[in-house]
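Below are two complexes that have subunit A in common, paired first with subunit B and then with subunit C.
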Partner chain A sequence: MGSFLGIRNLKVSFKTFEGTKNVIDLEALSIQKGETFGLVGESGAGKSVLAYSILKLLSSPPAIISGDAVELDGDNLLAKNERDMMNIRGRKVSMIFQDPMSSLNPVFTIGDQLSNVLRKNRRLSGKALKQEVEAMLKLVQLPDPVQSARKYPHELSGGQRQRVIIALALSCDPQFLIADEPTRNLDVTIQAQILKLIVELQRKMNVTILYIANNPELVSSICDKMGVLHRGRLIEVGSVKSVMSNPLHPYTSILLHTDSKETDGTAREAPGEVSMEDWSQLTGCRFVNQCRCIVEDCKMGIPTLKQVADDHYVACHYVTGRVG
Partner chain B sequence: MEPLLRLVELKKYFPVKNGMRVSAWVKAVDGVSLSIGQKVTLGVVGESGCGKTTLANLIVGLEQPTAGQVYFEGLDMQKLNPVELKKVRSNIQIVFQDPFWSLNPRWLVRDVVGEPLKVHLRLKQGEYVERVEQLLGTVGLPKDAAYKYPHEFSGGQKQRIAIARALASKPKFILLDEPVSAIDIVSQVQILDMLQGLKDEMELSYILISHDLEVVNSLSDFIVVMYLGKVVEYGSAAAVFGTPAHPYTQALLDSIPKQEAGGIDAVKTLEGEVPSAINPPGGCRFHTRCKYAMGKCETEEPTIFKLDNQHEAWCWLLESGH
Partner chain C sequence: MNHSHLLKSLFARIREARLTLFLLTRNRLTLAAVIFALILVLVALLAPYIAPHPNHFYGVDSLEDSLQPPSSRYIFGTDEQGRDIFSRILYGTRLSLVTAILSIGLALLIGVPLGAIAGYSNRLIDEIIMRITDIFCGFPALLLAITVAAFLGPSLPNAMLAIGISWWPLYTRLIYGQVISLRERQFVRAAKVIGTHPLKIIFGHILPNCIAPLIVQASLDMGSVILVVSALSFLGLGAQPPTPDWGLMISTSRNYFLESWWYSVFPGLAIFVTVLTFNLLGDGFREVLDPKTRNR
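Now for the complex of A and B:
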């Protein structure tokens, strides 16, 4: 069976004053239908850019998107024009954005904003529209849907706003949902509520989710599969269980380590800061300057994803050299 | 022995104005008493809106308390004259939450870090450069960073500059207000490790304010859990995280999804959100969300219950022996 979302050789670069910079260089990514795929990586790794390029939300120029295919349910999104994309966004693919404060319009009530989407995409009007708005707000468990619909974004708390965003994203029954750090800046108690809501709705509506976060622990608790993005390249993919329990890429083990609950106070190994160096010029592995397990090949060729175990792929010369 | 810093029934109410009239008060901090000794890290946790940052501002003197006292080495900070206050303040420094807004964008890093040296040690601009370079070295930045502007650095590096500035006047106490919440997860670990190292090296005391329990757990010796302007639990880090006594602390710890414990399905969520601090619920402020709430909780404010020497909580349940 083919995958629901299949990305092959996607390259995204940005034109800047200092020349063209490559941000995403993805050889392959596939997500099966009904699956929750978690994407982790530090800031600057290209997580959000990847999400935006699936939806083709990047303005070009400065962005340059090239590659073989971004296939969603058999359709190649790269070949679609803007008008077709308008029909796909919201109905087939939808997105929950990072910051609930800036993704809602402050001068309209949330009821208005929801009706807007429903009117345009599902051609509802009058009483049916009103009912659907209330049904959506009820679905995301907002207290008192009728009253809430009349409120402005600033009258809601951060958690409630994020619920509205989820309602907006799900209002047109999408098959695929991209959640870009939906719980960032939320308290742990609210984070737990939102996560539960997302998982619950996913089971109810059977949507496929691409969940982006920078906390591996969090991703592992709700996802089936996970991938680690480092400097625009996917360096490790696999089932959550095998990646979390047996991280193979040196970078993944650092990333997982950083999140561990060690309290012994000993210095933990961590790579340098996200540097501004132009790694797209590197001919070899993009982690080579910080890696502790360098073999000869690392500086020569870019490692590609190789299967190392059942449902576990790694892009690292050191690891594959040891296994093979 | 007098502790380094002692807060006595500290309160801060903000007026809610309806036109010219004050119609209500936001009780941001409502009677907090704490003390912290030398070379100790005290972690303060709680949800947003529970008064953590207001508490921080009261301690460093950026806000004047409505009632209560702040004692630093036994001196009442409100009773000091400006000259004495300045002297005390060189011992108290703060690292703010967001390094993007807390460094002057028009100043060279040299002057950002050098400002406390100018104010407290009366060094002139030419004299402090050497010391600034040394400070930058302490926080792991190269010497030539002194001649750059804040925007040339990443979030983690900016926070290092803010820490260098806090260290400049050789303080005994640094208040860390969400020091890593605005920066990347990989840099977070580095900054926290560095803070731990500096504490041992320079014999500092910290108050670490964060909503991230992992961060607090990794650095603190003692923990204070706050809810709506009040302390609900206090104790050593091991006690509070190991055997949490207050239902709110338990709920906070239960909210973190853990894969080995069964992922998100095993998480017990706390219903609802923090009530408004303008009209906080009577009795125990947590009773509206507490699953163990009894009749007594709604009417009477809980009193202190000592679980042992270093662990206390404010909850009626403990009294009745649960």
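Now for the complex of A and C:
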């Protein structure tokens, strides 16, 4: 279909001492052009690994990537070699990382780092380059762009650094932006500012965004569609409205409902044992040993994404058994 | 507007330089090392102008003055050919510093790119480079330098070449370790994400972060390299007579050692002071450049 990013049957595994472990087993994911897609899931679900595998940034070994297709704007990235990827990274896809503290090179001023990117990707030089650097810093609402361009990363606060990183990511004029929990280490007020900034920029520059977070509320506030990743599998996808108001998968409902009801804040994790050892070896649903609504099929077969409503898909034997 | 910015950044630069100077000079030993290093550099630059007998650097002047003890005319005495030892030591400073800098420069030129490439490359290239480095490291540096110098033929330029060839593995290992720890940092990944060429990542993003340990190591090595140059010259594999090299002077002085103590003692002292200066300077640099020891 006309999807901008289309993933079909992506499998990512890691070779470890204890054998090969599957981390991502994604049957389908598609993001339309200009859309903001939110990906939620608990830590360790494989959100960042998914982001890295789209960009082919995982070193293999130990990572083993296989699957049918990771299509970006019609190109299958899985078939590209490193040289082609180098051209795609930055030009088409760009990424904002979790940790604003370490994503900037400590020995160069932010102006230098920005000009490097602009010189390479937009072939600017001299006065035009300088003006563009300041324009970019102004765009991300950094105070006093002229002065800020001369500063080193350690002279900026976390929120300011994250703005610089966003400026860096956008200065390549990407069509697709992966934001990997860009507000993770920021306090709430700054978080809100950064989110607002991302939404504004998305409107202004019409980029497609894959927004990764572990907070569903945060995703619902800025995204059009959302997907829930659980132990490497996409278990529920749909429009934000539909998923938030009517979570169907038992895991999603736990993820959503524990938040506001529980006061200690730790209840975001699903109840039951969270054992990392062998869930990648499970033949059936990966939520089976924590789920309250087990039916016969759960231990036997892997649930696949089934459409349950207009723009709402879920991968759960219990739900689809009830509906169909 | 623009002027005030320029001024501001200029003041910031000056403040930073003053801070570095303050930190360098806070420790008395380091202060002494800085002063001595400056004196050494000045002496090396001005040797022909400040030496009391500039014509004694190479040539034979007055054989009747041979092996004179220190006096007001020759404050460090004279050698067997009647040359002023003080003047020759002054000129030897220039030779020693230039030799040391060039040797280390050569070692850096070989060692740093190799270490950086090995640290950033895949397993195969890494293994090849680092195992070759290990082979070189397994040899005592002096022995290797002697072998290479003997093979190339004795002369000061060849001694430099020999030292450069035997010294690079140290820098390869240093940079290799640094690169391995830096390449997993987020900013390297960020550079990769925006499509930066690997070579550009190595030399433009990672290496600039390795400069501090390199400065420390190189300034510490200045002393050791001066020792090795002297040793090579002493063994007849470095500077050849009548070059006023410190090691060579000590080597010649062995024949007159018992009667003329000044002949061997003063060049020896020159080596001692120079090596000590650079060792202390290296320690000082380490203290200043490592933020962890900065505030102690």
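Structural remarks
By our rule, the second predicted complex is superposed on the first by the 310 of 324 C-alpha atoms of A that agree within 3 Å, B and C clash if a C-alpha of one lies under 4 Å from a C-alpha of the other, contacts with A are read in each partner's own complex, and residues count from 1 in each chain.
Here is the rule we use: a residue touches a chain if its C-beta (ideal position, glycine included) is under 8 Å from a C-beta of that chain, and two chains touch if they have at least 3 such contacts.
From a predicted model like this one, the values you see are computed outputs, not experimental measurements.
Once the two complexes are overlaid on the shared chain, A:Tyr211 sits clear of subunit B and of subunit C alike.
Judged by the touch definition given at the top, the superposed model places A:Ile88 against subunit C, while subunit B stays out of reach. Applying the stated contact rule after C-alpha superposition, one finds that A:Ile222 touches subunit B and leaves subunit C untouched. By the touch criterion defined above, A:Phe4 reaches neither subunit B nor subunit C. When the two structures are aligned on the shared chain, A:Ala192 is found in touch with subunit B, with no touch to subunit C.
By the touch criterion defined above, A:Val240 reaches subunit B but does not reach subunit C.
Contacts of A:Phe37 after superposition: neither subunit B nor subunit C is touched. Set against each other, subunit B and subunit C touch different numbers of residues in subunit A, with B touching more.
With both structures placed on the common chain, the touch criterion links A:Arg150 to subunit C but leaves subunit B unconnected. No residue of subunit A touches both subunit B in one complex and subunit C in the other.
Put simply, subunit A touches subunit B in their complex at residues 42-44, 157-160, 187-193, 195-196, 199, 214-215, 217-218, 220-222, 240, 244, 254-255, 258-259, 261-263, 265, 267-268, 270-271, 273-276. Against subunit A, in their complex, subunit B makes its touches with residues 47-48, 154-157, 184-190, 193, 196-197, 211-214, 217-218, 251-252, 254-259, 263-265, 267, 269-270, 273.
Of all the residues in subunit A, the ones that touch subunit C in their complex are 55, 57, 86-91, 93-95, 97, 99, 102-108, 116-117, 120-121, 146-147, 150, 165, 168-169, 172.
Contact residues on subunit C toward subunit A in their complex (touch as defined above): 5, 9, 185-187, 189-197, 204-205, 208-209, 211.
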